[in-house]
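Shared chain: subunit A. Partners: subunit B in the first complex, subunit C in the second.
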Partner chain A sequence: MDLLEFAKGPALQVAAYILVAGSIWRFVGIMLLKEKPDYSEPRKSAGILAALKVIYTRSFSAAPFKRATMYPKMMAYVMHIGLFAVVFLFVPHIMFFEGFLGFEWPGLPNSVIFFLAVAAVVSGIALLVRRLTNPVLRLISNFDDYFSWLVTILPFVTGLMIPVRMGVRYETLLAIHILSVALLMIWLPFGKLGHTFLVFITRGTTGMVFERKGAKT
Partner chain B sequence: MKNRPTVGEILQAKGVSRRGFLKYCATTASILALPPSMIPRIAAAIENTRRPSVIWLSFQECTGCTESLTRSAAPTVEGLIFDAISLDYHHTLQAAAGEQAEAARHAAMEENDGGYLVLVDGSIPLGNPGFSTIAGISNVEMLKETVAGAAAVVAIGSCAAFGGIPGADPNPTGAVSVMDLVKDKPVINVPGCPPIPMVMTAVLTHFLTFGTIPDLDKHGRPMTFFGTTIHDRCYRRPFYEQGKFAKTFDDEGAKAGWCLFKLGCKGPTTYNACATTKWNSGTSFPIEAGHPCLGCSEPNFWDRGGFYEPLSTGHFGSGEKLAGAAVAGVALGVAAAAAGRRRQAKFTGEG
Partner chain C sequence: MTTVDGRHTIDREAERLAYKPPEIRHDKQGDMGPKERIDAAMYNFVKNFNTQTASYLDGCLHCGMCADACHFHVRTDDPRYTPIWKIELFKRTYKRQVGPFAFFYRLLGLKRKVTLQDLEEWQHLIYDSCTVCGRCSLVCPMGIDIAGLVSMARHGMFKAGLVPHELHEVARTSAETGSPLGISPEKFDERVEWMADEHDVDIPMDVDQADVLAVMSSIEINKYPQSIAATAKILNAAGESWTFRTDGFEATNFGLLSGNPEWQKASTMKIIDAAIKIGAKTVVLPECGHAYMALRWQGANMYGKPLPFKVLHISEYMADALNSGKIKVKKVDKSVTYHDPCQVSRRGGATQAARDVIRHLGVDFREMEYGGDYNWCCGGGGGVVTIKRADPLRHRAFKLKMDQVEKTEADELLSSCANCRQSFDDSQQHFNWDYTMGSLMEMVAENLEGGKS
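After this line comes the complex of A and B, so read on.
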């Protein structure tokens, strides 16, 4: 078994098992937690609309913080849009998903994906530089922040290396790329990258709690 | 060997013009990535070399490699070069049979001791010597005996180079490659199922010209022909970059000649000269004919997943195992939540 066969086979298999088990573990563990007892009268009914509202409004900076958060917000958007496009709109990746989903969707030309991937890496580096240079951010950052950044950026970098090649064989680079994705899959449920499947649940919960307390959302 | 005519004399007798001969030398220099200044050296070497003795051994194979050489559409200069070597033993092509054939092999080995080339097609079964024999001699025995006095060995085709189809899982005959057995002689692998004729002749020309073996990659293949992937030289590559793929063999994409990656093309991981040297006197190659590359010049190509499965396909194991992981996740989640609830109760003082 060569490196590519190992990456596409056992490595991806183990990563998939850990991703599935870990994600469900965290999701079920959180959903089954008991709600805090609330002894006050609700100001407003905390329905699903309140959750949806905050899911939407928290996608943008609040007016007073707009100026201060413009730069990181922009960078984060570029990174996330790039991440989405590269993962879901690069045709070979669509084929990867089609392999187990059984259906496909239209993709983008490689040149567009290449551009978005580079933009995502650049914005990721910009965000890391900000984290390292901003004293407050640096103080509240821990291993999870840095490791999550690393495992997110690695698949981009290894993927971008495939067309560039730099004297390394295609199948070796492809194997390294798949292994870096496997690492991301393994880490995803356990660290802050859990926001991939928790972001809208936590944001919606915040919305419902705030609505109940009568806070402006 | 001393009495044999030179290659140049043979080509002249066959009616090959000086222009045609130099054209062949220039082409060979070009495909071997040699500078134009080497053309006279190649010409001189080929012209003045005595017909080298070549012993061709066919073991567990389908004769496709020999067919590849002999089924060229028209007699080509490289075909004549092959005529110009002294093919002293080839049990498919030679007229002699039985003891006469074996006598020819022994005579060639004795006359050219230390200087002849051994070309092998087919893998060698080690499971049982009786699985494949020639004149009652097992393949492994014949290989060892013949290679002992050879200058170099060329493994022709993927079976000889890597075990090929006979060596595919479950490998019922215990098939191995030439390089698994020959450790004390230079071995050049020219894999492919079958290999490109021009590649075979160019490797021989290199040996005739320089008396050395060409630069080889990690699989023992000449870098000149196996240095880049088919994908890198494929004329359909622009469609790959544009994200245009044929989805079936008869859809609009297939008719428009789009990339065959989605139909399982192994071009990105296959190192060979098919896309540049092509087949049938440069007519086309499998991808040009509308079929994805099978990756036949790579080790274990038969066991590397489905031929029509895209390279990007991952193997997640069985659905049952994934479902098992999901059930394990639910169990862990319930246990974690129960522990969390106990902690909550402890802090809030609720039972």
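After this line comes the complex of A and C, so read on.
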């Protein structure tokens, strides 16, 4: 078995198992904790709609915070959009998904994907520089913040290296790229990258709890 | 040649040449040993972890945006005042002890065990520099209610005997006497009688059966006793069957502020018991922010079942009475701005009530820039105003409030919280400021039209 076969086969498979099992473990671990009932008389009924409302509204900064949060928010948006587009709208990736899903969807031209990937890397670097220089972020950051950054940025970098080649075999570069993706998948459930699914729980909970009081969400 | 004292560093953010004050004192109650204190803190931190808190503590991205929403950070640029950092020990305990991957965190030593020194250091962050105003909870991109977590972290600090002395003393007095200022039922009765005479108003006391139980805060009873008369005038004008009770008159809840759920429950139960005894349909809370949080949103949970009566903040009561025509007010020819008490508006959901009252008063209302739910806190909520050593920090944060008020150029500044009022009065004196905080309820009482007084 060569490196590419290993990456495409057992590495990716084990990573997928860890991704799924770890995410379920974390999700269940949180959900199994006790929740006390709230007996206060609600001001408003607040069900799933309140949760959905905040899941949507917290994607944007409220007016008083716009100026202060503009820079990191914009960088984070560029990174997230880039991540989504590269993973799901890059034609070779769609073909990869089609391999086990059995269906495909339209992708974006390679040039657009290339641009978005570069933009994501640049914004990722900008966010890292901010983390290293801003006194607040320096104080509150830990291993997870830096490691999560690394495993997120690596697939972009290794992916962008494939067309560049630099004398390295295509198969080797592809294998390295797939292994970097496997690393991301393995780490995702454990650290802050868990916000991929936690964001729906935290925003949704706040939506329901605060809307019930009629308080600002 | 002089030698610079190396123990103190220059404060580059101060408005004039200043050295940073020496390290703040770490207060301790009781004679527990270090291990006992740590165990007590850990046990009571862990007790608070449920699905909601767990998702919050697991969800933080360390983006630091909450720093920009906190008045203490904005005014000092001290990164320790970043809201999420204030609950770092609480967060660390969760990840080490309870979180889904606690085993790995401990095994790999990824989260250091909390030490007594950590807890002592965090006393300043959990108490002195957080008013639980919840502005940070509105900026968090993950929607984490950081202020709620600070309140919970206080439970562990209290049980470990690590509360600032002043706040602990006030809470203890409240638990022992029923009032944080030690106001006895007899003293309350005397004050009520005095106000009834002084303002020529009927004030029912200890009536056996009434539809409405009105309660007051000790700050009002002691410092702003005219509030007692104003409450009576409004309830009388509305034609309510109402009463004050000497067995349930105190609305403040220092058990809540200091972090002792048992004391919180004891204070809350006094009001609940009194209300049930007289068959009250409504309890009207005074102009006090945290009293609203304590009874309106946490009261039933202390009681363990739904409350058999409605709970209204006085601003909500006035808004209902004015909207329904139960009371009427004369038009007031002034420009007015309004300071929202955080626990009533932003965190309590009653933001609109005060605005309805203001509309009925017909004043030229000048909303502060980002007033209402995004209002800057007075700096004294969450028990901070009682902590003397926090005064310099509180005053520094108050400058934001001053700017917000001054920009409106309003004739009068009103609010509906005696704790905010106390904090404004103190800062006004400190800065020799022009604005004096007034009471929305008193303005309504002074301008009632007709009705029985």
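One rule holds in what follows: the second predicted complex is superposed on the first by the 214 of 217 C-alpha atoms of A that agree within 3 Å, B and C clash if a C-alpha of one lies under 4 Å from a C-alpha of the other, contacts with A are read in each partner's own complex, and residues count from 1 in each chain.
One rule holds for everything that comes next: contacts are C-beta pairs under 8 Å (C-beta built on N, C-alpha and C of every residue); 3 or more make two chains touch, one makes a residue touch a chain.
The structure displayed is predicted, hence computed values, not measured ones.
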Please work out whether A:Pro64 is in contact with subunit B alone, subunit C alone, both, or neither, and reply first, second, both or neither. second
According to the stated criteria, A:Lys34 is in contact with first (subunit B), second (subunit C), both, or neither; which is it? both
According to the stated criteria, A:Arg138 is in contact with first (subunit B), second (subunit C), both, or neither; which is it? second
Under the stated touch criterion, which partner chain does A:Tyr17 make contact with: subunit B (first), subunit C (second), both, or neither? first
After lining up the shared chain so the two structures overlap, which partner does A:Trp25 touch, if you call subunit B first and subunit C second: first, second, both or neither? both
Touching partner for A:Gly9 - first (subunit B), second (subunit C), both, neither: first
For A:Gly47, using the defined touch cut-off, is the partner it touches subunit B, subunit C, both, or neither? Pick first, second, both or neither. neither
Just subunit B (first), just subunit C (second), both, or neither: which does A:Phe96 touch? first
Counting residues of subunit A in contact, which comes out ahead: subunit B or subunit C? C
Jot down the residues of subunit A that show up as touching in both complexes, subunit B in one and subunit C in the other. 25-26, 28-34, 36-37
List of subunit A residues in touch with subunit C within their complex: 25-26, 28-41, 43, 54, 58-59, 61-65, 68-69, 72-73, 76, 134-145, 190, 192, 194-195, 198-199, 201-207, 209-210, 213-217
Which bits of subunit B are touching subunit A when the two form their complex? 229, 231, 240-243, 245, 261-262, 268-269, 299, 304-305, 309-317, 321-322, 324-326, 328-330, 332-334, 336-338, 340-341, 344-345, 348, 350
Using the touch rule from the top, collect the residues of subunit C that touch subunit A in their complex. 49-52, 54-56, 58-65, 67-69, 73, 77, 79-80, 82, 84-85, 88, 98-101, 104, 110, 137-145, 296-301, 303-307, 310-311, 345-351, 370, 373-374
Subunit A to subunit B touching residues, read off their complex: 2, 4-5, 8-9, 12-13, 16-18, 20-34, 36-37, 91-93, 95-96, 99-100, 107-111, 170-171, 174, 178
